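Each of the next two complexes has chain A plus one more chain, namely chain B in the first and chain C in the second.
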Partner chain A sequence: MEQKRNDLLISPFLIMFIIHSNQVGVGILGFPRYIAAYTGNDAWIVVIITGIIFQVFIWMMYRVLSDGSFDIIDLHNKWFGKWIGSVFNLALMMYLLLGTIVILRTFIEVIQAWMFPELATWIPVAMYLLLTYYVLAGGFRTVAGICFFGVLIPMWLVFTATAPIKFSTFSNLLPIMDHSLKEIALGTRQMTLSFVGIDILLLAYPFLKNPKSSRIWAHMGVLLTTLIYTMVMVVSLAFYSEGQLQQSIWSTLIAWKVVELPFVERFEYIGITFWCFVVFPNICLTMWGASRVGKKVLHIKQKYFIFILITFVFIACVMVVNRDQVDYLNTLTSIIGTYVYYFYIPFIFLYSTIWRKVTRRI
Partner chain B sequence: MKYVCSLLLFCFLLTGCVAEEIIDEVPILFIVGYDQGENGKVKGTISLQTFDPNQEVETRAFEAEAYTSKGLRNQLSGLPKPISIGKMAVLLFSEDMAEEGIIDILDSFLRDPAAGRLIYVGVVEGSASELIKNEFQYLQGIGPFLQNLIKQSVEYGNMPENNIHLFDYKYYGDGMDPVTPILRMEETEVKIKGLALYDDDKMVGKLNLDEMFIFALINKSFSAGLYELELPDGEYANLQKIKSKVKYKVENGNTDPSLNISVKLNGNIVEYTGEKLTKEKKTEIGQTFEKKVEAQGLDMIAHFQTLGIDPFSIGDHARSQTRNFDFKKWDERYPDLPVTIDVKVNIGESGIID
Partner chain C sequence: MKWFKRGASEKPSTLEEMVKDLKQSIDFVSYENKESDQSYRLIYFASLIDPEQLHRDILPVIKECESKSLEDLKGILPIENIEIQSKLSLIQERLLEGHVAIQLSRGQKVLLVNISLRKSRDLSAPEIEFSVMGPKEGLVEDLHTNMNLIRRRIPHPRLRMKEITVGTVSKTKVVVAFIEGVASEQNINTVMQRLEDLDFDIISDSSFIGQMLEDNSFSVFPQMIDTERTDRITGHMNFGAFAILTEGSSNALIGPINFGQLLVSFEDYYLGWNIASFFRIVRMIAILASIIATPLYVAVLTYHYELFPSKLLATLISSRSDIPFSPVIEVFFLEVTIDLLREAGARMPTKVGQTLGIVGGIVIGTAAVEASLTSNILLILVALSALASFTTPVYRMTNTIRFLRYPLIGFAQFLGLIGVALFGLFILTHMIRLTSFGNPYLAPLYPPRIKDWYDSFFRLPYVMQKNRFQFFRGNQSTRFEDKKKKAKHSLDFDEQ
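For the complex of A and B:
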């Protein structure tokens, strides 16, 4: 593992923005109903529980990464040898690409459903991917910068949560803890999809200055996500009745309909437009991660490999044509995400702990 | 060469990809009225406004019949398209239409991303079509006028909060039923006449203006406008800035439910027809008001219980106060639910003279 030049590294606090922006994507526009389907008025508790679980995952990841300046690609190779390691690495790449496709395609579905029903899928996909290439060509520091602004620029949207309060009934949250542990567990599994994304840390770690001291910022990133999700969930539960929430596909967007501004009648149009900033870092990060794998495993120059990835993502996105397929993609990602987080991360955590003990003895 | 290529590429990307809608050309829809048509069809009447910067606002009414709400749009052939429903403000239903159920039509607006959620839903005594076609000389057009009328009476008057979102909320929620305002066309103007009561989406009863005021006070914490109170000695007092603080307490929600509503009222006296407004007189006014709210509130709930509807969301209050709440059992017991109301009135200011 070569030591990276200092001017290629990023400040430790940026990991907060990287993690947060990779977690928050299109899921936040519609997740409340999926969680409330299991846990009804206790759904906000599920959000907090999942948030805590993901703090544990961050801790596990830092334990795995703590010796030296390796990313997960090097570690896979070190632990399992070149061949099995490469299988793991390619699986990781496919997982990251699936993430790109899901978020990009789902967001474009939102644009098509709300703003431009006649818009062909390939146009926004092409725009996004061209922009992605531009950012990736600038290297990881540019990607990190996009993440920073991708969190900061749309941050003011949290204030719009005050508008639905006028029509809200907060007694909807009562009685607290009225659901069984099983229902809470099912809700937590459902909630995992909205929290996935911290896996980017496994690849970004060697790019951090003083990586060990950055842990607190990674925890802050997950905390910020948890706070925002909890807020959205509480407002959704109070704004919608239970039956009504189950009807609403994009509940957060619908809640924006009650925002009243003198110069625009439909606030969602502004909201969705700003959401482009939220979605963009997601695409950049996952594509960047996938291209890292290409560089280190397939030994193709990142510059060229990105082209291959972009073509692949473009074709995959255009092939998805209707709501059912988008839904299927999301379900698939949800299932894979659950396995990645609840099996793979504890597994590498245990494996690296044992590995460390064994090698130390030798 | 590289730059020329990329410039060309971006020029291509910047062209419009979808149909454009220019505000000065698109007719804007503010109000739709639904009446019952022939053979189970729906008769829709719309009032369109075009905003031309050089001319006055032009308003026109159109009428069509179809089986679905969106089908009406196709039938409106004598009219420039596309119509924008982004500023839709009021949906009106004739009484017989409302009695049949209105959720199908509301659904088409709830489903449409272009439509808002602050649209008012109202019931017209008589024909919705005639009300819309009659322009009443309202300068801003009938749609914006009605929107303002309802908005003002929610904000400054005695009408409880209502709109299409809250209708949907109460329609899909358990243990609650929606309400909407009732309008009536008179010779030269439109008036609010009270509240329509619904069982799910079917209108089953009415409250007049006086009952609507009591309803709003008890329904949930609310600040009302002006109220004229008749005193036992034949004098009248006017109360203003009445604020209510309401607490519902349901006990034994699953086994043997009972309900207590505590209503705390605050108000100012702004007018009194009697001789002198003494301290005793003020307490008397307070007590009269207390009794009135309590008696009328109890009557109203008894009336709702016989109709089997729950506009006060009592079922929802019970759910929020009972663990593992059972709606089936509740629905059986609701008609016989014992209810008590405690009203406390506090008269604050009484003007700047004694």
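For the complex of A and C:
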């Protein structure tokens, strides 16, 4: 652990913005369809259940991290030794990079589908990655600042999401709880992709002032995400019929079309424009996390390692050319994310509990 | 000192050589009186000294002086700041500051008497930062007058003024003024250190120092406030900032600042808090609108015309139907015209400038629309955004706002609304990273310091401004003591 410098740390309540901004990404623009495929009108219950499960994950993570001020990279090395620890850390890095690629490429897919059908992928990718470098060069405080504004600036869009209520039939939600547990479980697994992102806590923890007191804010972050997702889900279920929802890939975007302003006809354009601010913190955080691993495990300066990462992400994003591949990438991330959350986090939780007991006895 | 190539190689070694060297200037005087027992010599720059003082206070004393030593003369002369000096470089320096050197016997020793002539213009009302309410008192070019103006406003022993000389050739005197205890020591140390490290030949104005002291000199955002208003200077010093006064400059520099303070007119403090808050919010909206209005026009008309409802689109199309250019060319043409007008207006004498405004604004504007070079909707947008950009109370910020729209127009043409958003992200990141003397530029917004919000985007009444800004990290945290609340008046409504 490097020497803690007070001027590099951030206020504990900013973890709320970090966690929330890393959870909300492109998924929210289209997730109702995938969940409703399993659970139909009960999809909103799935959102709440997943939210609660993720609160438990936050609790577990804080239990894991609560001894001193280490991040997961140090803990891996401590628990498993240098070699196996490094394997874990590099796997973590690849997972974070996959996150970057998925969110960036999916968002560019949205831009291409809605605004610029003929836009070459590499142009926005390059611009985003250059911006990411500029943010990361400002240190973690800048990254946290981007998260803060990335939540605040687009926050007003929440109000526009309620516009379709005028045209909704809330009886669509009835009858409540007419799906089997298995269907709910499948929906929850599908929902996990939209909730992943709290793993950044494992890396950001040592950068918080009074990290222990930040737990309540981390819970608030997940709560905010859950509230927004539930609202979007309820509005989507009430606005679309079940069959219609299955045919709308970007259901939230389509619902935006009904927003009426005196001088704006197609509101989703403004929505997508502001979504640039939502997506950017995700990219910054995951790239920051990956470069931290590079710094601590491979002992390459973050300054240089980030160039390697940028090149890698750039090539990976450009190689994904069509909608099917983007979909495949999302499914892949969803599966990996499920394993990470439902196996890895409980595993480190148990391991650290046992480790603590064993070392205390000695 | 590469500036004086010759001077550096031929440094005079005796007083005689120095006098001979300086004699090449017409304003240099070396007067020798060789009357029997009263031999003395005066050396001075006639252009720098006050001849009246020389004739009234110095010459009679020398004439009547019986003694032959400089020490005795030093005792009799009715002037402060006299020193006996034999070091050549110091003598030359003092001569150039307006001292007169008196020599009684041959040798290096001289008596240096300060009788420098101080000429400055009278005080006048601030011209750049005009205000309807509040004191109309602006700084002048004379350092002493400026120090006097500030000291009179804060007659407190803790008001410190530290002097430092910068500029290897101009030897400009710079004073850093601050209130001890209110300003944080760290900030004062930083600025003193940077002033000491400053290495430049001629400092023509305080803005030279401002540019050299900034944390990030590549940024287009000002990291210090240039002001000529004495109330603004003392007001900021009371927050915990320091002011840098420069000899020969009618502007002081205030630092550290944050971005919000660039949008604050000091008149806001003279108006009621609710009215002032309203104007601040109007100003912020105006600035945002000023930057993005024309880029949005380019973005929407080039890529996203579906964004407009059909009625509005019809109006737009009919006003643009005759125009042979793409929106971006049209916008560039008009924006450059506005900047031309502004630039011409700034270089012209005031009266000509007014005429220019009328000619430029009305004639060029109307003619351009009639010749169908631009649409009249764009003309309205450009005029409004130009107007909005001049609502900023700090002149350098106005320039920043006028500048920022050009790259933004480029991005809007390149990637439409996405380009505008990406450039917005770039500016946001830049501002998060920017610091003013190590203090975050976007504070109190980020890092969030909610306790500082009472005087930021809005202003609360003075009763609620008890705490000083956390931003400046001074030692004294409150501005006044709590007193017992007294009811201002009571009505039958309040009675039990």
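Throughout what follows, the second predicted complex is superposed on the first by the 361 of 362 C-alpha atoms of A that agree within 3 Å, B and C clash if a C-alpha of one lies under 4 Å from a C-alpha of the other, contacts with A are read in each partner's own complex, and residues count from 1 in each chain.
Note that in this section contacts are C-beta pairs under 8 Å (C-beta built on N, C-alpha and C of every residue); 3 or more make two chains touch, one makes a residue touch a chain.
What you are looking at is a predicted structure, and each value in this text was computed from that prediction instead of being measured.
Novice: Could you say whether A:W355 touches chain B, chain C, both of them, or neither, answering first, second, both or neither?
Specialist: Neither partner.
Novice: Name the contact category of A:Y240: first (chain B only), second (chain C only), both, or neither.
Specialist: first
Novice: Go through the superposed model and pick first if A:W79 touches only chain B, second if only chain C, both, or neither.
Specialist: A:W79: touches no partner chain.
Novice: Give one of first, second, both or neither to describe whether A:G145 is in contact with chain B, with chain C, with both, or with none.
Specialist: The second partner, chain C, only.
Novice: Touching A:Y133, do we find chain B (first), chain C (second), both, or neither?
Specialist: Neither: A:Y133 stays clear of chain B and chain C.
Novice: Determine, under the contact definition given at the top, whether A:F274 touches first (chain B), second (chain C), both, or neither.
Specialist: So A:F274 only meets chain C here.
Novice: Touch test for A:Y344: chain B only (first), chain C only (second), both, or neither?
Specialist: neither
Novice: Name the contact category of A:F116: first (chain B only), second (chain C only), both, or neither.
Specialist: In the superposition, A:F116 contacts both chain B and chain C.
Novice: Kindly list the residues of chain A that each of chain B and chain C touches, one partner per complex.
Specialist: Common to the two interfaces on chain A: residues 115-116, 119, 123, 127, 265-266.
Novice: For chain A, which residues are in contact with chain B within the complex?
Specialist: Those in contact with chain B are residues 113-120, 123, 126-127, 167, 169, 171-172, 174-175, 178, 240-244, 246-247, 254, 257-258, 260, 265-266, 268.
Novice: Could you please specify the touching residues of chain C with respect to chain A in the complex?
Specialist: It comes out as residues 303-304, 306-310, 312, 415-418, 420-422, 424-426, 428-430, 432-433, 442, 446-448.
Novice: For the complex, give me every residue of chain A touching chain C.
Specialist: For chain A paired with chain C, touching residues are 10-11, 13-14, 111, 115-116, 119, 123-124, 127-128, 131, 134-135, 138, 141-142, 145-146, 148-149, 262-266, 269-270, 272-274, 276-277, 280.
Novice: Could you please specify the touching residues of chain B with respect to chain A in the complex?
Specialist: These residues of chain B touch chain A: 13, 17-19, 86-87, 113-114, 116-118, 161, 163, 165-166, 168-174, 176, 316-317, 320-325.
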